[in-house]
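Okay, so chain A shows up in both of these, paired with chain B first and chain C after.
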Partner chain A sequence: MPPAEQYGYSVARLRAMSGRLLEESLIQRVLESDDLETAVKVLGETSYVQWLGEQKGTLDFDRVIENELVHGYDEVQKFVPDARLVQICRLPYDFHNVKVLLKSLILAKEGGERRFDLLTPLGNIDRDVLITAMETEEYRLLPFGLHRAVPEALALWEQTKDALVMEKSLDRALFEAMGNLARETNIEAAVQWVRGRIDAENIRNLLRLKRLDIDPSDVGSFLHAGGLISKEKLLSLLPEPVESWGRSLSFSEVGDAFSHVEDSSDLSTLVVRMERLLDEYIFSVLEESKFGAFEPGYVLSFLWKKEMEAKNLRIAMVSVANDTDRSMAKGLLRHV
Partner chain B sequence: MAHLNVNPNRMELSRLKKRLVTARRGHKLLKDKQDALIKAFLERAREGKAIREEVEKELEASYGSFLLARAQTLPAMLEQALMVSGAKCDIEISRHNVMSVMVPDYTTHQDGVALNYGLASSLGSLDVALERFAKLIPKLIALAAKEKAIHLMAVEIERTRRRVNALEYVLIPNFADTIRYITMKLDEQERSTLSRLMKIKEIVRSH
Partner chain C sequence: MAAGWGAAGSAIGVGIAGEAGAGVMTEDPGKFGLILPLQALPGTQGIYGLLVAFFAILKVGLLGGDPVTVSVAQGFGIFCACLPAAIGEYFSGIAQGKTSAASIQMIAKRPEEMGKAIILPAMVETYAVLSLLMSIILLNGIKV
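What follows is the complex of A and B.
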């Protein structure tokens, strides 16, 4: 681990950069816009203005949001002492790209088309490198455990022809890779944050599977190891009503996320609500890094804020574009 | 009303009278069919409207859930999750006869599970949306069958209405006019023959 002092510059710079993050009032202004053009005009007052020129019409706001996020990651990666902190945050996008390429291979064999347009530049691995590796089946040089995860996923597909089995194996590899990267940094905040993310993911999955009424014997395969809460403990929650999950998890901070859950009769609404609360919980894991001048955890905290900013902006823009109920969109906004 | 271009003779008159009787019977039958079709059509249209309203309401809720998923994730991630489908929907088509209209019946069979994507790269609102869409498909198909039946019946009503109108306002009046024309012609011929005979009788008597 680089000496804590090395993070002094990074943290100071990130604090300065956090001034450029969109404030809640601005997101509200976007959300209250009458039409998409007005919303884009509001974005023109922010750091997003530099990407507006690349928009192919007002409906192409996803490109603007993605470009700003890529720019944010690239910028932080340039000066942060340990780039692995940024890599951890970008890892889900690498696995998304891998899934796109694997599914493209499957579809191409069945006469479908390859969907390279679904690849995102947000990942750590360059898209062209990834495409070449996948097309030539040269997986051995792929980082983040992908050299093992990709052939394993392909073998599972060949054996089962079940995309869910393949995806479960890749999701497992994703959280393993995140845990490994965090441990390699030797930064306690990063390790705790990844463990918190795994917990949040497991609880989210548990809730979704409970709603879908999946066979309890299958639920274990959807949960990931490495969190602060054991898989056994989580599995024991399944038969219990969701209202009591908070009490059962009160030994962990994630239990606080359930403090607002009073009625679990409508699991469909609860699943959507919990996604917001768990995103906020992931941020709260880094609460202690908030004030320190040399805290490596602040890097993760900033990047998660940036992710949530992108998410909030997308919620607001989609709501304006589709002229949906604004109060519903407000309920989805993450407060980090 | 114009009469038909026929030879005014008794044979033609007899033939036309038979055709007029047939046309009147056909008109009555078609009129009855039209009334029955309209009754069945209105019943189905009412049912169709109720189903459509229900489906539109559910469709709105499904799209609402889908929009929630769309709003909270990268569109590429959403599309990636749905690239490989795990469910299959087969449709069987059969037909039954309603007032000589072959109305379709669609039966759906859904196999597999909608959950065929990784949970890490998707959202719970997507599960909700897909579940709602999966439940909606049989209703959508039923609505399609109902609306197809309504459309076919509307076409049949229109066709029957044209036939009824053609019989009522063209064929039957034409036959009636032609019969009247032939009758008049024959009467005239008879009168002419009678007067000729009387004239001949008068000439013969004077000699």
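What follows is the complex of A and C.
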């Protein structure tokens, strides 16, 4: 079978599976629930019902959401022709686990508590394997460039005692690993998607740094190479008001995300709003894969939808649990 | 030629559609009834190829037990007459398989649109029929 048709089975199965994704109306129902118990009852009508039994009390909804996402990733990984497409999506969770373990190690040396409870099962690397590697300092066998990234991050910590420097080094390693995996697949949609994710991360960092009024000469170290928009172009945006960023980025689809920005006086609100718009931009990079019957990019598109479903559900459940303003939470929901 | 390439086109087309069908049925086995006609559609090219092959065989009397001696020119004429079917059925079989796979994916999300889903791959059938007709017309035109 020619490579172009390899994905016929996978894409067909994913299209059938997309019927199980939660519809916006259901998320709205969760959001409009009076209390968590009612929200959990609404979840009981969906595929999340299989995880409700593992919930330790109604406040433990995050476990339910996480279990469903892990199940989704595991299921897709079993039948896609190239499992690296799923690995790319799970990679940020591996690096999250590494960060948690490194910080735990540092805290433990200072007499603090190890926080293994913060580890997520969503990563590619089994948590026990990762814990053993970190505790025994046996990094050699760690995949995805972690065998180099972890000692580097530790060396930076020893030199600077600055957790932010350590995190920046790991983030750089994460995007490098994602880019390498995408290129190894030889799937153009995967390469473009990773580049889109780097753009989104860079713009997110840029907005946060602008809000914190960081010295422009330091900003470059927070940006990652390899995106669709160059680091130089992004750095040149910094002195400009955010309203004009859309015009400067109009050559890229991310410029559309800024077309809704009219007032940047409240940067804190804008950062939160942009989080949603940038997540939607990441999805839009895969727009061309949406209708193809044999498009490998549809795998990423489906998995990103699943991620956004988890994010929307988390926003809705947290809003119900804390009884916050529902209209504000509604504005944060991703539309993909 | 016509039977072989027609069958090859059908086999590839039915295979492509079958893969998509299996993908959908893994999640929703209840859609078997809707998927089956869509998967079977690219199978017609093999039948058309076989039909042209029968015409060619009849022409040279191989089926009746009384073979006719044909000249090189007549043999070349019969060969050329079979080409439209051989080429047309092969490529249309594959193309129809791809369209059927896309239609199967369509009914995975919208089973109520089965009517429209079947029309799209059926459009490809037009060109398989045109190839068949041209081969039959050409075979009829050859005097043996």
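Things to note:
The working rule: the second predicted complex is superposed on the first by the 334 of 336 C-alpha atoms of A that agree within 3 Å, B and C clash if a C-alpha of one lies under 4 Å from a C-alpha of the other, contacts with A are read in each partner's own complex, and residues count from 1 in each chain.
Everything below uses one rule, namely that a contact is a pair of C-beta atoms (placed from the backbone, for glycine too) under 8 Å apart; a residue touches a chain by one contact, two chains touch by 3 or more.
This is a predicted model, so every value here is computed, not measured.
In the superposition on chain A, A:K330 contacts neither chain B nor chain C.
Of the two partner chains, neither chain B nor chain C is touched by A:R127.
Contacts of A:A16 after superposition: chain C is touched, whereas chain B is not reached. When the two structures are aligned on the shared chain, A:A293 is found in touch with chain C, with no touch to chain B. Contacts of A:R114 after superposition on the shared chain: neither chain B nor chain C is touched. Taking chain A as the reference, the larger set of touched residues comes from B, when chain B and chain C are compared. Once chain A of one complex is fitted onto chain A of the other, the partner contacts of A:E5 are limited to chain C, with no touch recorded for chain B. Taken together, the chain A residues at the contact with chain B in this complex read 62, 66, 92, 95-96, 99-100, 103-104, 106-107, 115, 117-120, 122, 162-164, 167-168, 170-171, 174-175, 201, 204-205, 207-208, 211-212, 214, 222, 268, 271-272, 274-275, 311, 314-315, 318-319, 322, 324, 328-329, 332. Remark: chain A residues 1, 5, 8-20, 293-294 touch chain C in the complex.
Only residues 15-16, 19-24, 26-28, 31, 98, 101-102, 104-105, 108-109 of chain C touch chain A when the two sit together in their complex. Taken together, the chain B residues at the contact with chain A in this complex read 64-65, 67-68, 70-77, 79-80, 83-84, 86, 113, 115-121, 123-125, 127-128, 131.
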